[in-house]
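Two complexes follow with chain A in common, the first pairing it with chain B and the second with chain C.
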Partner chain A sequence: MMKQLFDDMAADMEARLLDHYTARLRFTLENARLCQRLYSDTHRLAWCGVCAPFDLLNAMGISSCFVEYLGAVFAAAGSAGQFLEEAEHAGFPTDSCGWHRAVIGAAAKGMMPIPDVMIATSSPCTGGVAAVEHLARTFDCPLYVLAIPPDDSESSVRYLADQIRHMVDFVSAHTGEALDDDRLRYAMHKTNEAREAAIEMFHLAQRIPSPARAADLRNFGITLPLFLGTEAAVEIAQAYRDEFAARSGQGISGVQGERFRLMWLQEAIQFRHPLIKMLEENYQAAIVIEELDDIYWEPIDAEDPYIGLAQRTIAFPFNGQADRRLKHIKKLVQAYKIDGAINPCHWGCRQGTGARGLIGEALKELDVPVINLEVDCADARNFSEGQLRTRLEAFMEVLDSRPGRRSTN
Partner chain B sequence: MTTEKASYIGFTCAYTPLALIDAAGYVPYRILPMGDAPDMAGQLLHDNLCPHVKRVLDRAMDNDLPELAGVVLLNSCDAMRRLADVWPKVRPKDRVILIDLPITSDDPAVSYFGRELSRLADTLFQWGERPVTQETVAASIDRYNQVALLFGSLRERLRNGGVSGGAARLQSLYNRAVTQPWDETFQFLEGVAEETNTPSVGQNGVPIFLFGNVLPDPEAFGLFESCGVRIVDEDLCTGSRVFAPIKMEKSEETLSQLARGILRRPRCARTLLTTQPGVLAAEVLARAAECKARGVIACSAKFCDPYIARIPGVRETLRKAGLPLLHIEGDCTMRSFGQQRTRIQAFTEMLRR
Partner chain C sequence: MYYLGVDLGSLSCDAVLLDHEGKIMAASVVPTGARNREAIARATQEVLEMARISEAEIKATISTGYGRDRVEGRLAAVTEITCHARGAHALLPGTQVLIDIGGQDSKAIRMDGGGRVLEFAMNDKCAAGTGRFLEAMARALQVDIGELCELDLGASKNLTLSSMCTVFAESEVVSLIADGVEVNEIVAGLNRAIASRIAALVKRIAPDVAGLKVAMSGGVAHNHGVVRALSSALNTEISVPQQPDTVGALGAALVARERMLP
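Let's look at the complex of A and B:
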């Protein structure tokens, strides 16, 4: 059933792309293709934590993604509710992360493909490790854990690089898929190509007015790593770059008459909701950047990639102490000339939402207001649309009334 | 009894290397989530964050702490990491170090944790007491192993109903041992060990194995006993887990041995055995069987992801073995714990049938 759904979705998008090529559609197609592979029963499969080195796994021919991704797919499709309920019946309280409850419930209902291996990553969150461990137990599947140090000292980088090397051996041993040097080198070149195009694309998105709007880059930063190491990631990043360049060249902004430039923190709300549309249409407010829409890592040395992969993993903004994340947010706020930030405070997220007080303080130093919403980004059942709408309206009025507010009209 | 003024290092996690702090000339002082400090942590940490961490932060914000020479925090979970983030905001003069704690206990993790302990040793030296050498660490490990032995014998006596004051008394001893200088700890524990066996208050209670994370208040153990429960063994991060002995071999570098001993002590739910996902469930069952418990009570702090995710697996394993489980979530106050009285009583009555 799921495979048919994704087959149909991919076929539809391929046809639409022939008719009208957009970067977003190309990106969405690649997501559909990934889901096709995940549910195909013919591909080697790894369920992972957020920070797994997907380019390495792609080079090995392993279809892989972080488990939260599937939770988001269910939420976007409007089917997460039944899986969340299943997990709750099994004893996972609503206090826990909705992404993890969704996939745990889906696994219990037999709606999650059984993987060949599972790879937990200690970053970004403890809950993610626990969820992957639970799924490994459910699937009776070999488990590997990447313990990601919080700092980038030589000792830490070496520790993680060695773990990534051993991960390759582990995956090979359990799937029979070897990693040959040529495929590895090719994958790292593709990773670096995608990186270059993405950097150019993000620079374009920083323009005033921005050619980007929320629907363009939604989930881009968190999802692009799944395609790294492949030509698809390069195509996607280049398509966005070219599209933004064309829009900028023609003076087209993402949101017509852009008046406010907003930043969306942490992750997007994945189910259908009207808040973004309301911001764009009623206030000409463009969400020009999501927090993870950034290249925060150096190119990977294709001849000796493990150190570079370890450094990239450690540099993930949500890894380690909040300082790294706060510096990253501040950098983006300044680069994108942000007027205000929206923090959805995903209920059940200790690592992300846990830092909201610190984020508020950091943004205050830059005189950028932030609004904290209380929402479970995976769970539409308790979504208080009216309340959130009212709070966002009040927030926009505050932004509008600020003296010296930058107007990009 | 020591006459010098103790120089305390604050800590919050059961994985903290007490022997290393002792070797550096400091007294490890566990900042237990107890006391009357008003709820203030919500100003900095979200409502859905671990109440253990928030109660600790409440104490820091209320200045309900002795003078500290520094604070050693472990990167054991998201909440502890967030505590390390906000500590400097509420006590800017404190010296704080965050030590990474690997999530597994395999050999590479032990080596890495050994290097983290070495970094801690250097930092403690910089903080000003005395240099840490292989010999001083080995001596301190030996001292803490002596304490572990005494606690081991008291737990054995508790199992047989021979500790005056029962589990509540034992918990108060644990609390003293993590907040007072080693020599005082050793002295009073020796005194308790020499006491004649006295039947504990809950002698006729239903034998229960208790596990989880944070339950430092002796009053909670008194509540259990008043509900007809007899705690015959426990595995808590505010209890026996802190004082698991460290095995020493002369041939290996001391900090490596300390790292291995700490990482491989009875596990908190946050530590994984990759070859056996969900092993915590089997371990709880084994411990419960070993102490001949008729039921198991899990106590965990609300919003604790490591336990939230593992309790369903533990429940399933125990159910298959015919061992009932009661799970109690709390916010580290007796106010919330007291509300569980009826559930505990019902659980005990069910076990008596």
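Let's look at the complex of A and C:
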């Protein structure tokens, strides 16, 4: 059933792309293709944590994805509720992370493909490790845990690089798929090509007015790594770069008459809701950047990739102490000339709700207000549009009345 | 010409009418009930009758409150955060921290002393500490909500309630009554529980209120017991305007007037 759904979705997008090619559609097509592979019986499959080196797995011919992604797919499709309930019936608390509850419930209901191997990553959250461990037990599947050090000292990088090497051997032993040197080299070249194009694309998004809008970049930064090491990632990043360059060249902004430049922290609300449209249409507020829309890592040495992959993994903004994340947020706020930030404070997430005070303080130093929404980004059952609308509208009124702006209040 | 502010809240619909100089001509508070449109019409009709003017003489209407988008004929809808700040500034100039406890939400608003909102925090998705909470507690105590204001007087036992969940707190109150605890002790305990929760909200936007001018608006500000408990929790004096429940509507009317000024 799911396979058919994604087959139809991919076919529809391929047809639409022939008619009208857009970067977002190309990106969405690749997501549909990934889902096709995940739900086909013809590919080796690895369910992972967020920070797994997907380019390596792609080079091995393993279809791989972080488990939270599937929770987001269910939420976007409006079907997460039944899986969340299933997990709750099994005893998982309603205030635990919705992404993890959704996939745990889906696995219990037989709606999650059975993997050949699982790879947990200790970053960005220990909840993710626990969820992957639980799923590995559910599937009776071999599990490898990448323990990602919080710091980038030489010994920490070497420690993680050795683990990644060992992970490749582990995956190979359990799937029968070897990592050949030429495929590895090719994958790293593709990763670096995608990186270059993404850097250019993000520079363009920083322009005033920005050619980017929320619908373009939604989930881009968190999802692009799934396609790294392949030509698809290069095509997607280049398509965005070219589209942003064309828009900028023609003086077209992502949100017509851009008045406010906003940053969305952590992850997007995945189920359908009208709040972004309301911000764009009623306030000409453009979400020009999501927190993970950034290239924070150096090119990978194709001849000796493991050190570079380890450095990239450690540099993930959510890894280690909150300082790294705060520094990253501040860098983006300054680069994108952000007027205000929206923190969804995803329920049950220690990164999301736990860091909100620290984020508020850090942004105050830059005189950038932040609004905390307190929403479960996965669970539409707890969504209260009126409450969030009031918070966001009041936030826009605060931004609008700040000195230097012509107030409309 | 006149300016109308309508605040459609979950418990009451309030209207305030201003004249061209910004002077309050009339104010009205009616229960929202199940039919929003009827409440809006009734509140509007009341202020028109009090001021003896016709609807045609209203130059602009601004709506606010959770039902702000349901007010027809409005110039614009503005959130209750902005409107309460404007209204509080007009009635209590120089207010820097405003606490608004309404029917289903509570807000702490940091202002610049000129009525402009600098920062705000709202209650999490929970009605604890709001007008609805007090309604439920009054029901459990079998008293009229208006009577709650002074029922804490004379309490001395410093009773604490262990739960702020409206459902659990109601059960706890029922148990306390069954145990023979005096009503004034229970009400004082409830007020302290609300105050503790609201004080935490205030601290999010003003970690230290010492030296700041603090005011309170919204229907719950009529409850002197809650104001006293909050004042004690924050260790500061809290000013309350004469008609705290119409502060939002007043702010809306002021915004209407400002927007029509040349």
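In this text, the second predicted complex is superposed on the first by the 404 of 409 C-alpha atoms of A that agree within 3 Å, B and C clash if a C-alpha of one lies under 4 Å from a C-alpha of the other, contacts with A are read in each partner's own complex, and residues count from 1 in each chain.
As a convention for this text, a contact is a pair of C-beta atoms (placed from the backbone, for glycine too) under 8 Å apart; a residue touches a chain by one contact, two chains touch by 3 or more.
Bear in mind that the values here come from a model prediction, so they are computed numbers and not experimental data.
Engineer: Clash or fit: chain B against chain C, after overlaying the two structures on chain A?
Structural biologist: Here the two partners, once superposed via chain A, fit next to each other without clashing.
Engineer: Applying the document's definition of touch, where does A:126 land relative to chain B and chain C: first, second, both, or neither?
Structural biologist: It touches chain B, and chain C stays clear.
Engineer: In this superposed model, does chain C or chain B come into contact with more residues of chain A?
Structural biologist: Between chain B and chain C, B touches the greater number of residues in chain A.
Engineer: Quick one: classify A:250 as touching chain B (first), chain C (second), both or neither.
Structural biologist: Neither partner.
Engineer: Contacts for A:156 in the overlay, against chain B (first) and chain C (second): which applies, first, second, both or neither?
Structural biologist: After superposition on chain A, A:156 lies in contact with chain B alone.
Engineer: Looking at A:147 after the superposition, I want to know if it touches chain B, chain C, both of them or none. Which is it: first, second, both, neither?
Structural biologist: Only chain B is touched by A:147; chain C is not.
Engineer: May I ask you to decide whether A:42 touches chain B, chain C, both, or neither, giving the answer as first, second, both or neither?
Structural biologist: neither
Engineer: Could you say whether A:393 touches chain B, chain C, both of them, or neither, answering first, second, both or neither?
Structural biologist: Only chain C; A:393 stays clear of chain B.
Engineer: Between chain B and chain C, what is the tightest CA to CA spacing in Å in the combined model?
Structural biologist: Superposed on chain A, the two chains' closest C-alpha atoms are separated by 6 Å.
Engineer: Show me the chain A residues, by the header's touch rule, that chain B contacts in one structure and chain C contacts in the other.
Structural biologist: On chain A, no residue contacts both chain B in one structure and chain C in the other.
Engineer: Which stretch or stretches of chain C touch chain A in the complex?
Structural biologist: These residues of chain C touch chain A: 66, 78-82, 105, 116-122, 124-125, 255, 258-259.
Engineer: Enumerate the contact residues on chain A facing chain B in the complex.
Structural biologist: Spelled out, the residues of chain A in touch with chain B are 90-93, 95-97, 100, 120, 122, 125-127, 129-131, 133-134, 136-137, 141, 143-145, 147, 149-151, 155-156, 159, 162-163, 166, 320-323, 345, 347-348, 350-351, 353-358, 361.
Engineer: Flag every residue of chain A that touches chain C in the complex, lowest number first.
Structural biologist: Interface residues on chain A, with respect to chain C: 369, 372, 374, 382, 384, 386-387, 390-391, 393-394, 397-398, 401, 408-409.
Engineer: Which of the residues in chain B come into contact with chain A in the complex?
Structural biologist: Counting only chain B, the residues touching chain A are 43-46, 48-50, 75, 77-79, 81-82, 84-86, 89, 98, 100, 102-104, 108-109, 111-112, 115, 269-270, 272, 274-275, 277-278, 302-303, 305-306, 308-313, 315.
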